[in-house]
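Both complexes below contain chain A, partnered by chain B and then by chain C.
== the complex of A and B ==
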């Protein structure tokens, strides 16, 4: 669309909720960006939600509180919102609309890009195939994040998802290639926002970080814009700048609630739990901006963090997210109560692209085998635990008791780590072996014999070991 | 193209996302296309009244303003049908994606040259000048890179005397290759997507579509020309199952509509189809496949068009006398687009905000399936397989509930099974096939009278094991009588030796009917032997402890067509049971 140039109007007829109705306009396009000058000299921003002949409905990002329709001047920019993009964003801290809150000058860029983004041509996509290592053992080892993937963290209120998100943002690397992080905080409390800034200070100082913070008391509507600004900045850093970019977006539930609020204000027909019917498409328009593109260096990897209201995974936000993303990392209240950090539930978590980004040629040759065997053993251990709860430890066989030992070792030796501990993959996999070897060799049927021979010299393969029969699904 | 350029163009009046209202102009008809604004965004007329034309925009309408020009195109949304479809990848409006840039920019300006070009292909005429052909009658064939020969036919509504036919030679897709009763005929034609292409008549569908997936072919078979819905929550392997069927089923042409799904997944499908070879013809799978990729971040309204595009492409190949499989993943995203637009036009919402017409829209889509006699007198069929993504895994939600009413088969995917890594996670208790009886009769007529019996026995074993599973959870397997313990064992053997199938295994990804039958017979033989043992007094726990792993390994160890190879594994399992019998005798 060609820009039409700026036009100013004063005919604000009505204000209700976050919406302003402007009349007498002409040539105003849908989704145009709007600046509103208040009588007291303040400025607010908005987007055109609908334009009907000479009436434009504007969604005011900062909300309409304190606005008097009489003194307003509304300036239509003539084009959908564009922001400057480029390396100038690196090292900056901005609010949810991309305005600096670090005391620095406005961000400049060589080019301006529309925040709505254009869809990537699926034919031009390069299937993801290289890992992003986070230094978090449970993630790297069992649900490897792959460059160009979208992998959400499903959490619940009270769990340390923000710590985990900040740790991943602070530590993640892409095998020594240029790497940046864009951190988009939506609806964060002030202590949380301060925590994020503190935790990421080092990365910011290194010029590898962009922080966008929309705090809980910032206008709700601004939240709708925050992830789009973040992704637009990230796309440029990745596909023009050749960097591998990790976009952390937290908390997507706050984002969806902002969307619901706008939808209600517009009087739209509500769908599930009063969220708008287009929630799936809207979330997809964010998450799908990840990926790699043929013939271009760089990648955008998206790590959305969301709290499941009341821990309910069938709530529309986690449910629709799960339909779009390539797996999920699920945090568990039970592990958290036992003092384990990060409290990852290994069995509910899954990285659908791990098979493509880990293993021989990507991480370490034994990675996929070790991860598969560890997960199978944990699944068995959890069954044994249930059995033990029913009939007591005395009723367990010797082999079953080894599984309980394995579960304990798994949590303490493999999963648990400090929030500031960068654990190399090598260490993670060695710990995985250590945990696995609490079991006798006969129970490790998913590992190739050659690997076991190297790990367990002097313990020949048992003759015709019965293949491990998978757990009964019923 | 521009039919009203000489008069003042109608103007845009209102824009709210994909909903655009335009001044009425003479000659605008329902479902006609309209190019909106200077960029020429594609839209379709969905209502006319009160001097206002309501247009559903198929692209992002950001920047479109009242007063912008609108150009009615004078024709409805149509699919351009031709030999270039095979092996191609298109967006929801059937524009080739491989000629578009890295990002899809809205408007025809962003797609310059999209309609030009096309490979020249060898043409063989099959009629002579002076012969008379009916509408849809064969005129000649074009060879393509793959096994599918594109048959050029007389237009459906225009038969008559052949006045001219091109000699054997190589022609581009839009060259005239024949003239029938004054009408020029090209390999490439156009057809309005919302109007089903005519056929002479429907015929009974009773030949099974062989999918190569055991749980489907054995328990819930679908006939060529049938319909299937595949409901499943996220992570249940819906897309994986549909891809397996797209790769291995024995149809002639696959139309794969990725409707509102993941971009990386689509990239993967495209990549795999171009690498894999078709086990039956030796050609690349891509050469029999038409892919419509409308990922979740591409314009929502184009999803609405994409399923109709897919159906029209399927009908085009059906009319050549081919068996076509139309896969739509996922119809729920299509229904969401209907809901979105319904709410923008102010239509009264019915259940969960979906428009009241949802059921009839779903029915109309699935009804484009069927086995037919084409106008040209050949047999062709379209089998429709639609994925459904129920929110929160709730199978009572409107799209799932309405779809179940219209389909002949339901392949319901189960989260519990997927969680236990049982793939394909097709629930035997929650699925059905209304084609099974007819397919059974067909098998019997074709010399395989055991087919129905095998299916019934497997279904019995599963039902019995499921019934006992609840009991086992409460009191433990040890508390059951010996015969029931064997039933529990039998259920496990059926699940692990027959129903589970590894999509990643070279031997197991595809399974021929003979191997499926051999695996079933092997399991039944072992189960019968176990029963005999406990009946003769061998304790059930002794039988349970026998290592029957050869039986479980057979499906991955022997080749996809190797029925005889299965027997060796069956015999290994039986001989282990025989040793037990000797020891305890």
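== the complex of A and C ==
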């Protein structure tokens, strides 16, 4: 046992809001984890925010309300927060710093790991591969999530991103291989936290899920720890336990705001919109913990959810997130207003690694072709709709009107699904075909002839088809 | 008495008959149309009723399934909470037992040697100038200025419990 962690400091000079100023300390470093014993026998925890000579500023995770500075004993652990890791986390519901809130005993693990994570040698990284199927048609069909990928959901206030995050956390699978989900909720309201617990109850009972809930009224420094705790748990489940792990982190904007508060408390020079200048590297230090490691089983896939303040995609949080991540799923207020769930904007959404996890040998041979043709058709449908807004429906050609039909069918038959509906990929792709076949064969030039022949027996070959065919080829 | 010329009545008789026949035919046609319409209406109503019944059945089934899921989820939640509460109780019992056993060391013959080691450890951490006092429940507390070392038996037991690993889980795993 070392001296660090045994010596208690009693010189608490002052308490300011969540901060405790401790004097007479030596050898204390930034981000050290701190235990504070109260005169009444209680214990609180904190992190070192600032050190100047023999004075340390400690942010108390539980707040300083009711604390008497005269009776405090502060112990510096000599290292950043370490947590036990192992399968003991599965099925548990904890607060943002990993303490149980489900009425159970503390979480135990075979070893302890620093929440800041151990950096992975870049040459030992394996590129992402194989899909994580979410059971959400719009995601699996058009922006397939790949094991080891980081794919954020860009949303705005009022859109059902929490429902989507919970649905993906409840439904996602990795083709029958061992799979677990770590759900990190940050800055959630109490009703939202209750919704998450209810939505994930079944998976939690099945021992496939870890839930970390930091509510809006919890200390901000705990919010900064929450994704780190989640990723530390996930890394062990993946690389020691051999599981494919999906980490859902919502809401990263709330996390960034917590980072801004902590940065201001440290007196750092503010950068864009008062976020700290290191926001990019801080976000990267979280998102880059996903992936696969050569020679080790399992993978960590990250699905961060972030709300764009005022729907502004140039806001620092979505902007910097977009630099780091491999695509995005964008939710649209327009689709939401039309009653479509999930209100995914297919043209703004993209999974850059989709080809590594979809198509022949991964999902279904026609997956990539169907997705590409569907996106092209939706893009054309958007143009047609803009044209119709200008010149009226009467001025549209028969083929253009088919595109409007396709757009409606796309939203109603392909995208729209219930928040508790697990849609198999096979069903998703069949629906995609059904939507595509509202167009005449001549308009489906991106699909291989063999696929079209199989779907449209007896229909004319593409080159023989007229540009505008009024008859329904189906 | 009719003001018509004689013979007119007889002459109009075929007209009257024809009008009557037509009226009867029209009435019969109306009756049959009304019958057909009634049949159609009844058929439509029956189909509609069947549709509504089917929809109600589907809705009832969906609501029943939802309610069953909710009951199942509630039962699962309650079972989960009971299991976790039981684990916590077992863990608290372990804590109580460990604390009691460590406190019992105070009455053990090797206690003076143990206390001596604890005092030496405290002085090593805080320096020779530290003021060391024996704690009422066993062990010692050393103070030097704003620094303090808690070497009481309770503190030692708590640290030992906190460093426990997953072996504790054997208390509740078969």
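The rule we apply is simple: the second predicted complex is superposed on the first by the 436 of 474 C-alpha atoms of A that agree within 3 Å, B and C clash if a C-alpha of one lies under 4 Å from a C-alpha of the other, contacts with A are read in each partner's own complex, and residues count from 1 in each chain.
Everything that follows uses one rule, which is that a contact is a pair of C-beta atoms (placed from the backbone, for glycine too) under 8 Å apart; a residue touches a chain by one contact, two chains touch by 3 or more.
Note that the structure is a prediction, hence the values are computed from the model and not measured.
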Exercise for review: Using the touch definition from the top, say if A:109 reaches chain B (first), chain C (second), both or neither.
Suggested key: second
Review point. Of the two partner chains, chain B (first) and chain C (second), which one does A:6 touch, if any: first, second, both, or neither?
Key: second
Point to revise | Which of chain B and chain C A:240 touches, first, second, both or neither | key: neither
Point to revise | chain B or chain C, by number of chain A residues touched | key: B
Check your understanding: Which partner does A:86 contact after superposing on A: first (chain B), second (chain C), both, neither?
Key -> second
Review point. Is A:202 in contact with chain B, with chain C, with both, or with neither (first, second, both, neither)?
Key: second
Check your understanding: After superposition on the shared chain, which partner residues are touched by A:173: those of chain B (first), chain C (second), both, or neither?
Key -> neither
Exercise for review: Name the contact category of A:123: first (chain B only), second (chain C only), both, or neither.
Suggested key: first
Exercise for review: Using the superposition described at the top, list the residues of chain A that contact chain B and also contact chain C.
Suggested key: 1
Check your understanding: Of all residues in chain A, which touch chain B in the complex?
Key -> 1-2, 4, 26-32, 49-54, 79-80, 114, 116, 118-128, 148-149, 239, 268-272, 277-278, 280-281, 284-285, 287-291, 293-294, 296, 314-316, 319-320, 322-324, 326, 347, 350, 353, 466-467, 469-474
Practice item. Could you pull out which chain C residues touch chain A in their complex? Key: 73, 76-77, 79-81, 84-85, 87-88, 90-92, 125-126, 145-150, 159, 164-169
Review point. Which positions of chain B touch chain A when the two form their complex?
Key: 13-17, 21, 37-39, 60-68, 89, 97-98, 100-106, 233-235, 258, 260, 262-268, 270-271, 293, 295-300, 333, 336, 339-340, 342-343, 349, 352-353, 389, 391-394, 416-417, 419-422, 465-466, 469, 491-492, 495-496, 547, 549, 552-553
Revision key, fill the gap. Chain C partner, complex, touching residues on chain A are 1, 3, 6-11, 23-24, 73, 84, 86, 88, 91, 100, 102-106, 108-111, 198, 201-202, 204-205
